[in-house]
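There are two complexes below, and they share chain A, which is joined by chain B in the first and by chain C in the second.
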Partner chain A sequence: MAKKIENVGCPFCGVCCDDLVVTVSDDGKKILEVENACIIGSTVFHRAMEDRHALPRLRQPDGTFKEISYDEAIDYTAKVLHNAKKPLIYGFGSTNCEGMAAAAKVAEKAGAVLDNCASICHGSSFLAIFDNGYPSCTLGETKNRADVIVYWGANPSHAHPRHMSRYSIFPRGFFTGKGHKGRKIIVIDPRHTDTAQVADIHLQVQQGHDYDLFDAFRTVLRGHDIPDVVAGVKKEQIVEAVDIMKKARFGTIFYGMGLCHSDGRNHNVDIAISLTRDLNDFTKWTIMAMRGHYNITGPGAVWSWQYGFPYCLDLTKRDIAHMNPGETSSVDLAMRDEVDAFINIGTDAAAHFPIEPVKHLRKHPWIAIDPHPNMATEISDLHIPVGIVGVEVPGIVYRMDNVPIQYRKVIDPPEGVISDEELFERIHLRLCELEAEDAVNVPAKAAPEGVRAGE
Partner chain B sequence: MAKKITLNMITQRSVEEGVGIVKGKMTPDYFEACSIIEMHDDDVRALGLVPNQLVRVTSECGSVVVKSIRGRQALYPGLAFIPQGVYANQIVPARTQATGEPQYSGFPVTVEPVAPGERRKSTLELVQSAVGMWKGDQ
Partner chain C sequence: MGELIVKNGFVFDPLQGIKGDRMDVGVRDGKIVETNTLKNPKEIDAAGMTVMAGGVDIHAHVVGPKVNVGRLFRPEDKLFKSPLKRCNRMEMGFSVPSTFKTGYDYARMGYVFVNEAAMPPLHSPHVHEEIRDTPIIDNAAMPVFGNNWFTLDYLKNNEIENNAAYTAWLLRATRGFAIKVVNPGGTEAWGWGLNCENIHDTVPYFDITPAKIITGLIETNEFLGLPHSMHLHTNNLGNPGNYTDTLDSLRLAEGYTAKNNFGRDQVMHVTHVQFCSYGGDSWKNIDSQAKTIMDYVNAHDNITIDMGQVTLDETTTMTADGPFEHHLRGLNNLKWANTDVELETAAGVVPYIYSPNVKVSTIQWAVGLELALYSNDLMRTFITTDHPNAGPFTRYPRVIKWLMSRAARDATMKTFKWLDRTIESTTIDSIDRELTLYEIAQMTRAGPAKALGISNTYGGLAPGMDGDIAVYALNPENMPSDPDRIEEAFSRCAYLVKDGVVTARGGEVVTEPAKRTIWVDVKVPENAQVQRDIYEHFLRHYSVGVKNYQLFDEHLHNPRVIEVDTTQ
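== the complex of A and B ==
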C-alpha cells in the first residue's frame, strides 16, 4: 500500500511551497507521485532517485574517476583545507541550516573564506539593506492584506512558478477575499514577460535604467513634475502607476535580479527601499527580495547569528570575521587568484559563475559536494555525493521572507550516502586531528626570556 | 560578408531552464532550454536569419554558439536574451562593480550567423574545454 505524505516542503525555489503531497512506495524507497508542486518541484522529486552515486569519486591521473570510501574523501578534503593558505567554501543555496552551521565550523577551523550564492544573486540587496533598512513583511501578510502588488525586475512565472498563486496575485486572504479581482498588479520589466501578461500595468523599462525610473516614481510621489519619457516609459504611465500605489491599502514591491544583476546593483535596491519608505507617508507599503533557492535565505540567517555577517565571510583570521564584498566575494577572489582551494557545496559554480572565474579557481584543488553530477562535479578532483535535503534529509530552511520552515524527508538516501551536516562534522573532526598532529610535531615554544616578577 | 549587429544582452531564468537544471545539466532538456537566444523580430530580420538558425554571440570576454528562436516573452529592439546557465556564462563579464555580482545583465554583445560547419557544443564540452579537461566524446 503506497503511503501519502502531506505538507512536504519543496526544495527548489525561495517560495518554499510546503503543501506538497508526495506518494511513496510501500518500502519507502521510491517516489510515485507528487501533488501540488510546479513543474520544477515535481521534477526535483521524480529525478531524486536517478543518476546517483553511492560513493565519493576521486579524479585519477588519466582523468577518470575512481570510487573511494567516505573516510578517504573526508581525509582528502581535510588535508586540502589544512594545506591551503586561503581556501574558499562556496554555495549553500540548496542545503539545510544544519549543514551551513557545520560548514561554518569547518571554515573557521581551516581559516577559509565562506560565501554563499547570494554573492552572485541578492548580495547587492544585503548591501542596500545595510545602508537603508528593510521595510518588509511576511508572505502571509501580503496574501492577507495586499491589494497592490509590484513585480520589479522579477519574473515569478518562470523563476518562482507558484509565488503568484500562493502569496501575491491570486489567493483569497483574510482582507483580500476577492482574490485577484480585488488586486492591482504592476510589472516593471524590459521584456513583456509571462508575469507581465497577468499584470494590469506593464511598464517596459529600458534595460539598466531602473534607477531613473525609481527616481521618477519618487519625484511624482512627492508632487513634482518629470520629463515626458523616463527610462523608456511615458510620463502618463508613471503617474498612473504612482497613483495606484498611493491609493493602495497595503502594497508589496517584489524585486528580483533585474535590479541586482544590472548596472547600479545595490543602488537600484537602495532606491527601491527609499521609494517604499516614501510610500509609507501615504499608506502601508513593504518590499521583499525574490530570493532564488529554497534556502538561500538560510546562510544569511545562520552566519549572521554565528559571525555577524550574512555572506562573503573572510575567516582567515579564524573567529575574527571580516566581510567586504568586492574584496572577499567569491568571483572577485577568483579573478584576483587569491584562493588556493575551492569547495563547491549545494550549488554549481562551474555552470553559474561566468567562465573566467571558473578557469581561475580550477588552477587549484576543486572539491564538489552535491547529490547529483553537475558541471562542478565533472571538473572536480573529488565529488562527494550527499543526501538531498527535503527529499532524503530533513532540516530547517528559511523562506524568502525569513520564515524558518522545518523540511521533512520522504525517502531514504541511497545506502551509505550521508548528509551535508554529517559530512562537514566529520571533516571538522579530521581537521582537528590534523591540527593536533601538527602540534605534536612542532616543538613547544620555549619559555619567554627574562626574569619573572617576584624572583 | 556576413552581417553582424550589436545588442544589449540580458541573462535570466526561464522555467524550461529550471526544469533542465533539476533534470541534469547534461540532459537534452537542459541543452535545448539554455543554448538559445531570443531577439526582437527587427534584429532577426537585420541579421537575415531563418527560424532556428545558429548564431555566434561574442562579448568582451568570450563567445558562444546558440540557436536563434522566437521566444514567448517579447523584447524591445536592441535587447537580447539567453537563459542563465552554462551557455550564457561563456560570455558574461566577470566584472562586479565591487559588489561580488558579475554583469549578468546589460552588457554589449555582437551577434552574427555562424560560419558553415559550426555547431552548438554540449555543456560538458564547453566547461571542460575551458579548464583544459575535455577529452572528446566518450
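== the complex of A and C ==
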C-alpha cells in the first residue's frame, strides 16, 4: 500500500507550487509518483535518492575522499571557521529559513561574511529597491485582478514552468473569470522565446537597451513624443503597449535576469520601478522580480530581520554588520583573494562563479554542504551531505512574492543524514566550545563599549 | 526558579490602585506572590526608586512582512545608527530595528509584552518566524480583517454568526490575537488603485460601507467575547480635516457594550489617534482637533485610544493602509514599497522625516501630546508612537518626558522653525498639565493590559500575575528638576524582572529568559457554510492551499493560549 502525501511544496523554482501530490512507498523511503509538478520539479523528487552519500567526505593528501563521521566534519568546519580571518559562507538558494537563521548564528559567532545567490542573481534588484522602493503584490492578486501582464527579460516557459498557468496568464481568478481570454500579454525580450509565443505583443528590444525602452515608455505615458525607433522598437508599437498598460485595471510587470544582468543592471530595475510608480498615477500596477530558486527569497527575508541587510553581509567586524556590494559581495571578495575559508551551502559556487574567484577560493579550505555531489563538492576539502529541504526536511521557504510557504517532508533522508539547521546548530555549539577553550588559554579581550544610537 | 523580592520601592500599580506606596513585591516561580510567603528570596533594593509592572505595548509594528520590507529597503537606517554589539546578537537599525534589537531595547525600557499591530494572515508563518527571533518580550499579533473578502461578504449580508465562525478559524489558522481593522474597505479599494475616503464611501464590487464593516466587526468581536476589542485604524487617516471622519467612526461604537470574561470595558480601540485628529482642509491650514476628539472620547467609556506620538525623528512609515502610503509617496517623493495581499489586505512602506523645521511635523507633535493631556481617563489613553510610523518605540521615554514636564515641552518647542504657526494651529502652549508617575503607569501598563484583556497576567503586580517587574531610578518624592533625567530613567530601567528572572540591570540586558507567543483560541460551533466558503475561496482564489495556509504547530514558538469558548 503506497501512501499519498498532498499539498507538497516543490523544491525547484521561485514559483513554489504547493499543490504537489507525492506517492511514496510504504516504508517512507522511496518516491513512486509525483503529480501536478512540472518536469523539472518532478525530476527533483524522482532523482532525490540518486548519488547520495550518507557520511561526510574529507579530502585526503592523495586527493581521494575518505568518509568521516558528522562529529568529525562538524569539528573540522568549526576549526576552519575559528581559525580563519575572513571566512565566507555563501549559497542558501536551496535550503529552508530555519537553516539560514542557524547559519547566520554561526557566521556571527565566527565573524564571517554571509552571502546568498542573489549576489550573482537578483542582487542588482536589491540595489534598485534600496534606491527606489518596490510596489508589488502577492501572486494571488495578479491571478485575481490582473488584465495586463508584462514579462520583461524573463522567460518563465523555461525557467518558471508553472508561473504562467498558476498566477499570471492562464488562471481564472475572482475578477478574471475569462482567464487567458480576458488578459493582454506583453513580452519584452530580444529573443523570440517560448514565452513570447503566447504574447499579444512581443517587443523585440535591442539587446542591452532596456533602459532606453523603459525611458520611452515613461515618456509616452506622460504624454510626450519619442523618436520613431527606440531600442530597436517602433514608436507605434511602444505607444500601443503603453496605451494598453495605461488602460489596464490591474497590471503586473514580471522581470527577470534580462534586466538585472544586461547592461544597466540595477538601473534597468530602477527605471522599471519608476515606470510602475508612474503607472499608479493612472491605474493599479505592480512589479515583481522572477526569483530563481525556491527559497532564494528566504535569506533576503531572514537576514533582513536579523541584521537589516538582505545579502553581502560582512559580520567580520563582530560587533556590527556591514553591507556594501562590490566590497562585501562573494565574487568580488574572492577576486581580490580576501577570503581565507569558504563554506558553500545549498548552491554550486564552483559551477556558477567565474573561474578566477573559484581558483582563489580553492587555495583555502573549501567546505561544501549539499545533499548531492556537484562541482563544488567534488573540488571541496570536505563535503557534508544534508537532507533535501522539501523532500526530506520540512521548513519555511519564501516564494518570489515574499509569501512564506510551509514545506513538508515526504520521505526520510538516507540514514544518519542531518538537516542544514541541525548541522549549523552543531557547528555553532562546537564554535562556542572552541571559544571557551581559547578563553582559558588567552586572556579575554575587553568587551567593546556599547554606544547607543543617537548619543 | 526560586524567589525574589523587590524591596522598599515606590510601587505604582493602577490595577490595584496602588499610588506610589513604599512596599515590597515578591515573586516565586515566575509569579507574583504575597511577600509574607517568601522563605529565602534574593533581594533587589529598590529604595528611592519607582516600581511598576512590566510595560505593555498595545500597538507597534515589530514583526512581519512590512516591517521587514522597511528593514530590507533602508540600508541607510543602519548606517551610523546601529549600536555596537553588547548582547548575544548584533543589534542593527534605528527606526526599524532588527528583531534582536527590538527585544533588547524593549527589555531595557522595562517592557515585557508587545502586540504586533498588523499581521497579514497569508504571511503568518513569517510573523511567527520573526517572533521566534525577537528575544525576551512576549508577543501577540493581530490579523487584519477590515478588507478581508470573507468578512466583507458576511458583513454585507449581516451574517455575524458566520463572520464570527470565520474569525475564529482565522485566529486559529494564523495563531492570531485580535481583530485588527485598517482603513476598512479602503485597502480593498486600493486593489484597484482607489480608496474609501469616509465611512460611507462604498467598497468597489463588495458594495459595503466602511461603517458597516466597523459595526459588523464590533458585533463579531462581542459575539465571540474576545479578550481584546476591535482595533481600528480609521478611514482617511493622515489627511487635513479628517477629524470629522474620525468622529463619525467613533460614533459607530455608540450603543455597544463589551461582553467578555477578560475585564475589558471598551468595544473599540482606536489606534494612533494623532494621525486622525486634524482640522483644516489643506496642508497649509491644518490645525489640531485633538480637543474635539478627546471631548468625545472622554464622554464615552466604551472607547480606548493610543496616541501615535510624533517624535521628530527620521523614521519609516508602514501600514496596511495601502492608499495612504501611496499618497505619502506623492508628498515626500521618497522610495515607496507596496504589497497587496490577495483577498486580505495590502501594505505600504515609505521613509519619512518628521523635522522640527517643518510646520506640519511640529503640529503633529502637538496633536499627539494634546490627546494625552486632554484625557480624563488615562486608563483609556495609551502611549504609543505607532512604531515606527510616528517614531521608533525607543522614544517612549521621551514621550513620557514631554507628558510629565511642561519645561521639556517648552524646550522642544524652542527648536521649532514655525513655532508661532504651531502655537496658532494647536492649543499645546496653553496646557500646563504634567502627568504623574501613576498616570504613566496607567498609560504604559495597566491601561493597555486591561484593554487587551490580559490584565489577569500582565500590567499589574497582584499575586498570581506574571512576575514581570520594572524598576526605574526615579524617586517620586524627589523628582529630578532636569526632565532629561526622566527620559534617561525610562530608557534604561534599573531592573527588569521577567517571569521572576532578572533580565536587565542598569539598563543593560543580562540574560534572555524564554519569550512567548500569545494567541487566542476560540471554540465555535461547527459551521458548514463557512467551511464551504473557505474551501471554495482557497480552491479558486488563493495562491496557497488551505492546508499550507494554516500555521503548522512546529512554526509556533512557546505558545501561551487564551481560550474562549462560545459553545457553552
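The rule we apply is simple: the second predicted complex is superposed on the first by the 441 of 455 C-alpha atoms of A that agree within 3 Å, B and C clash if a C-alpha of one lies under 4 Å from a C-alpha of the other, contacts with A are read in each partner's own complex, and residues count from 1 in each chain.
Note that in this section contacts are C-beta pairs under 8 Å (C-beta built on N, C-alpha and C of every residue); 3 or more make two chains touch, one makes a residue touch a chain.
Computed from a predicted structure; not experimentally measured.
In the superposed model, A:Pro310 lies in contact with chain C only, and not with chain B.
With both structures placed on the common chain, the touch criterion links A:Gly91 to neither chain B nor chain C.
Judged by the touch definition given at the top, the superposed model places A:Val44 against chain B, while chain C stays out of reach.
Of the two partner chains placed by the overlay, only chain B lies in contact with A:Ala159; chain C stays clear of it. After overlaying the two complexes on the shared chain, residue contacts for A:Gly390 are found with neither chain B nor chain C.
In the superposition on chain A, contact is made by A:His261 with chain B only, not with chain C. Looking at chain A, you'll find no residue that touches chain B in one structure and chain C in the other. Residues of chain A touching chain C in their complex: 6-7, 9, 18-19, 97, 101, 105, 108, 126, 129-141, 143-145, 166-167, 172-175, 249-250, 277, 280, 283-284, 286, 300-302, 304-310, 315, 318-321, 323, 394, 396, 398, 401-406, 447-454. Across the complex, chain A is touched by residues 8, 10-15, 18-19, 21-26, 61-62, 72-76, 79, 81, 84-86, 89-90, 92-94, 96-106, 123-124, 126-128, 130-131, 133, 135 of chain B. Listing the residues of chain C that touch chain A in their complex gives 63, 65, 67-69, 71-75, 77-78, 81-86, 89-90, 92-94, 96-100, 122-126, 129-130, 133, 149, 190-193, 205, 326, 329, 335-343, 346, 349-350, 508, 540-545, 547-548, 551-552, 554-555. On chain A, the positions that touch chain B within their shared complex are 12-13, 39-40, 43-44, 47, 51, 63, 115, 119-121, 123-124, 127, 155, 157-159, 161, 190-194, 196, 204, 206-208, 232, 257-258, 260-263, 265-266, 311-312, 325-326, 329-332, 334-335, 348, 350-359, 362, 372-375, 378-379.
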